[in-house]
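These are the structures in question, set out in turn.
You will see chain A twice below: alongside chain B first, and alongside chain C after that.
Our next item is the complex of A and B:
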């Protein structure tokens, strides 16, 4: 699905002391499966994920997604890709504070009709959110519940790729385990990329990519 | 596939803050409208007096010069005549007469604050001619002084003590009588011209007093004639006025007033009209109904605001300059002309323009305040929601979609605010009309749709101004990776 070639990302381009987040490496990712990207803070794992998801554009190199060169597409095409084919789970849940759980899922949906709401309802239920909690605002939900709502939001459009950046960082062990099980289940026919520095959550991963100082050390 | 961001979600989930905004907008709407609504009755109520009444009657006072007489001659004779304190025929010169055209006189609008300037009030300018020693028709003066036009006074060559007097050609009294006779003839000739003119029902020289009409701001005074009782039905007929209560004036010192004036001045039949000025000289005996506040009365001695030629004209003959040109009068600043042209000028410059300017200034201040308050509220809201917008950008919504949502939220707030403002405005204005304005005898419409359109335009302008902070914040929207960096 992804073919990355000689990808380089530099922060502070204007500065004398350039910071190389990605130092020119190649990588191929399959159409499905749970892929873990692991490494310490500053190793470039999040930057790699953001480049793959079009949120960032590398300064050099090529990223092919289903044979489309992501570094050359327009911002509108990038938006369409993120909207239709990618799903995002961020380190913080970024739920909209004034919306209930259901509306927070529906806000990402490309369809606002009855079927889409039923689908959101099913997702939330499968993720352990009860009916009575559908209208609860994030401030009334636990951290684990918020993250599960964020997962439902990421999946509502049936994305081909789910990008999860430290999805369990703010969760206790039990919730972290549950979230990873959900992602594992979803990865059976989709690609799920999980960025983390916690190797223990990647027990069920199909592949683990280790990064260190902007380079892949083990894939 | 529907993929736009919903504006309703924010509104549904933030009823309190949106409600405050909507209420502020609606109150601003109502405030602007109600200012207009309260000021417009003054403009509308003065229309019958200033634009309709002049289509039916013109009041003029002409100087001797207008008739081609040399007033300098009169003044020279007057200066050496024993009875120089008085005008021999009792006729008041236009230049000396109380002039209703200036702000001190009956047709002038008082200052915008609506207070009557007592030092300029007709009473203080010698409007009541009862104390005058003059009499335009040569009737016996109120003071009982001898009238120089009497034969006894004009023919005297020798007085009772047998002292020789100058001959007629050198006698100033005789010269004055001759001058006055020429003036009377000129005036009567002109009156005949007017009476025979097409479109003029009648013309006569009569005493007048003034009708007083109090607006929400300002006051309007206008002439109405004191006629012989036989002339009154024809006068009312000319003005399409009808007696609806009481009776028409029959005895000296009676008046019949338009119903709106009665309500406006809180008068009833049996009261004395403008008692504080005219004393108990004019008793109200009837109430009239007309389209242009017709009033009429009978004279009481010389209690009046002057002698005027009253022309019962029609719309075509309501511009006196045309009649003067046709007759060959030479008008000057010494002539007082209260005709359509003058009233149109007063209406345009002293009533409509001033009040509409006040409305515009107040609307602008309220509009600016609203724009400022809403801009501050919106900037605060945008700042609080920046993470939300960043999320939208991250999950694939374009800035255009995000801007569309912001714009729709704004339009909905202003839409609801406008609708509520409209409802408040109509409700409050109807309440004011039926409680305050009607009781003041002021004319006003129930609603002023044109003002709603103006306020709507103002709101569109404010929405336009608000796009500036919105567009600035749109530039600040990043994707979540940038926030986390």
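Our next item is the complex of A and C:
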């Protein structure tokens, strides 16, 4: 699905002391499976995820996604790709505080009709959110519930790839385990990329990519 | 309700929305200020209307024996479109009256030589009047004007009442046209001889305003006589400074309001940075986000305008019924000056706000949080 070649990302391009977040490496990722990207803070794992998901554009190198060169497509095409084929889960749930759980899922849905709402309802239920909690705002939900709502939001459009950046960082062990189980289930026929510095949550991963100082040390 | 809609945002963020709506409502009060400004010209509406139909011609000081004037009058008398009413040279100004703003002002007057001339003029102007009491030194005024200056039918007035009067006059008829000018009947006998006949009211059956004035001016040609300026142009000159002052104040208020609303909205949108960052991450286009911001601000502005307009209409109604109408004054409901002042201020607030906030929010990058 992804073919990465000689990818380089530099922050502070204008500065004399350039900061290399990614130092030119190659990588191939399959169509499905749970892939863990692990490494300490500043190793470049989040930057890699941002480049793959088109949130950032690498300075050099090529990223092929289903034979489309992501570094050359327009801003509009990147938006369409993110909307239709990618799903995002962030370290913080980033739920919109004035929306209830259901609306936080629906906000990402490409369709706003009855069927889409039913689908969101099913997702939330499958993720353990009860009916009475659908209207609750994030401030009235637990951290684990918020992250599960965020997962439902990421999956509402049936994305081909789910990017999860430290999805369990703000969760206790039990909730972290549950979230990883959900992602593992989804990865049976889709690609799920999980960026983390916690190796213990990647027990069920199909593959683990280790990064250090902007390079892949083990894939 | 769609979660991305402007109504949804306002419904879920009532406190913020109410604060902003109250601030945006401020600009609608410029409409009220405009109504107070334009009410000055309201007092002159009828005078302008009548002045467009009745134009006075009078002798010029260097016209020997008034030959040019009389020659012009004879030509006018032959014109089937014109009605000529010889007039006493004793012109009087109207009484001082109080405008809705409390300013003391004076309107012009229309002087006629006798009851028949008054009737001819009123018939041409479409004014209904009871002429039964009209005699020498009669004054006809409207009911509103009478209430404004504290007079009633049968009251006598002289120079003690108004320094513009020369002699004693009686209020012999009340008309209901809401005009604020006096119609005098002199009966001075001034036009019995050509040497004393130096002024005339001229009425056109088909022309009015500038068209009428130009017609008379063309007819005058090189002859030495004065065709009085249209009342409308005099009123325009008189009120131009007020209107300019109002627009200047609107601009300043617009600037202040723009800064205040922008500051408050900056605070609001700073708290929503991650929300818009998320929207960008999940693939919403920049255009969609600008439209979302614009829709939220415009909807709140619409609510502010509707509420503000309602309050202004209620205020105007109460003030008119309780204070202004009983004292022969009036605050207009509809004012173009007020509308323009409000639109100018509102645009000064909305356009920069939508541009800065809309564009600003599309630049939020979720990866930088």
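The rule is short, and it goes like this: the second predicted complex is superposed on the first by the 219 of 219 C-alpha atoms of A that agree within 3 Å, B and C clash if a C-alpha of one lies under 4 Å from a C-alpha of the other, contacts with A are read in each partner's own complex, and residues count from 1 in each chain.
Just so we're on the same page, a contact is a pair of C-beta atoms (placed from the backbone, for glycine too) under 8 Å apart; a residue touches a chain by one contact, two chains touch by 3 or more.
All figures in this text were calculated on a predicted structure; none of them were measured in a lab.
Superposition of the two structures on chain A leads chain B and chain C into a clash. In the overlay built on the shared chain, the residue A:111 is in contact with chain B alone; chain C does not reach it. Within the superposed three-chain model, A:55 lies in touch with chain B and with chain C [touch as defined at top]. Looking at the shared chain after the overlay, A:1 reaches neither chain B nor chain C.
Once the complexes are superposed on chain A, the part of chain B occupying the same space as chain C corresponds, among 42-50, 78-86 or 150-158, to 42-50.
Judged by the document's definition of touching, chain A residues 46, 50, 55-56, 76, 79-84, 86, 88, 90, 94, 96, 98-99, 103, 107-108, 112, 153 lie at the interface with chain B and also at the interface with chain C. Chain contact summary for the complex, chain A toward chain B: residues 11, 46, 50, 55-56, 76, 79-84, 86, 88, 90-91, 94, 96-100, 103, 107-108, 110-113, 137, 153, 165. Residues of chain A that touch chain C in their complex: 46, 50, 55-56, 76, 78-84, 86, 88, 90, 92, 94, 96, 98-99, 103-104, 106-108, 112, 153. Of all residues in chain B, only 1-3, 5-6, 9-10, 13-14, 387-388, 390-392, 394-398, 479-481, 484-485 touch chain A in the complex they form. Taken in their complex, chain C has these residues touching chain A: 2-4, 8-9, 12-13, 274-275, 277-279, 281-285, 365-367, 369.
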